[in-house]
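Read the structure below first, then the notes.
Per-chain residue numbering starts at 1, and chain names A, B, C and D are given in the order in which the chains are listed.
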């Protein structure tokens, strides 16, 4: 067992789910490695790099080992990225993994999950280990090889 | 002078302009080659290929020779791609050329300009010569080299 | 007719031809636009950008309008890039256009054609117009769209 | 400890080393994961995908965990890919890891190491675990993410 000390991943604040039968929670996914990909649909770096990478993770690893979750964290252009727009985006980009909508912050500020994870922007990739601990946090573009290695390392840890 | 017979480019039906001081018309642009790029903001092929190519045309050719015009032809997911969403998209993707919103078709059908040009989908690239005639119509991904050659050929024709 | 004054393209100094029945000369190609691509087989920029672009030119334009010629200008690592190595390279990379070997310079210096054209290195793309005049000289990576436009412009000039 | 049964990696047959102080052997590297990349310098798939991937492995993982070794397996165009040509190639492509030349097979046939590993062509990527066992064998282009995951999995295994 991994005996290092890592912070627990904060719970998610969600207003809506796509591609999911009911709400997903950290507790329900306990035992799997979670790849949490935070994005905005009108974010060039997300569309070009982050989301294709999340799709690749979803396709490459076993669903029994890794859960990929998209988190739509709208912190700008709120009126431009409503759930109805997101739904069309998910359809057209053929996103196959569950996507949730982050709960809006007070007064149009940073959404609640984004704030709880102290994200600096989008795209952000978070890895959570089988015990629900935060283990990786990257803002911006990350090499596929590094992501593959990080996920495989967490998979090998005991539950 | 080019004495071949080509159809005149149909007029544009526009409800709104971005990146433009006032409405642009075929008549006002007469004398220039026009690269008309039809797209939808939630269209992967447009985002990955069509719009970067339109940006490249805009950056490479002289404004006195070539006018690049984006045409937002929403023929699906209407509620997802409203002008307020398009405005954020134009800003985030740093589109530098004028973009207009195609007038909706009756009953949510094909927008009016898209129909008048008999476009089959997005992305579509249309080239109009200095005399306002239709000279090139391509649906889907097109090689940069072919586009550069086609535009340069039209530039060399007398007004 | 193009009445600007341009220098005549210097003749080629060639020791060997591949993909050609007999030697090609500027005189024999007079009337066509010539795209002369100078490369070395062990040059990463040539392999990644220059040669694929030359292949694209060869595939895109009519043979009656444009002649693509590869020029193997070995100015370093002479023993590493002999004609026998070049022959295997041409075969494996499926180069479909004529390629010639530039005549060695004195004492292992700059090869003769490379020197006559004052090239600064590889890859270099030279365009010669239908009248045998030098019209374009680019060292390094060049946009496909710009190359397509430059060639099409020369094609439109009268012989 | 990994108790599955895997075949031992066959010894290497080498005529020459580059980027290495003296010969490397499987025994000397025991305890590390070995990424053995078989290539030919005149092989487009190696130049475009295999070698950049090997460079990435070399840059990304700790030298104490992973040893990257290039294996030049000339099975065609022998006269075109001599060690003197390979040396220039290694220099121009800035290969930073040790590269060895596979010992020629009898009568110009398959080189000895290539034959011992039953490789089908180039590029081929072989992973050998910390105990010297064969664990991964891929011919052709492989996803960076899959390679990163495979190497990280082997790193986590005890020596």
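The rule we apply is simple: a residue touches a chain if its C-beta (ideal position, glycine included) is under 8 Å from a C-beta of that chain, and two chains touch if they have at least 3 such contacts.
In this text, all values refer to a predicted model and were calculated from it rather than measured experimentally.
Novice: So, comparing C-alpha centroids, which chain is the farthest one from chain D?
Specialist: B
Novice: Suppose each chain is reduced to the average of its Cα coordinates; what separation in Å results between chain B and chain C?
Specialist: 35
Novice: Please work out the Cα centroid separation of chain A and chain C, and write it as a whole number of Å.
Specialist: Result: the chain centres lie 50 Å from each other.
Novice: Taking each residue of chain B in turn, which ones touch at least two of the other chains?
Specialist: None at all.
Novice: When you draw the chains as points and link the ones that touch, which shape shows up: line, ring, star, complete, or other?
Specialist: ring
Novice: State the interface residues of chain C toward chain D in the complex, per the touch definition above.
Specialist: 41-44, 47-48, 76-77, 79-81, 84-85, 87-89, 91-93
Novice: Can you name the residues of chain C that touch chain B in the complex?
Specialist: Result: residues 53, 56-57, 60-61, 143-153, 155-156 of chain C touch chain B.
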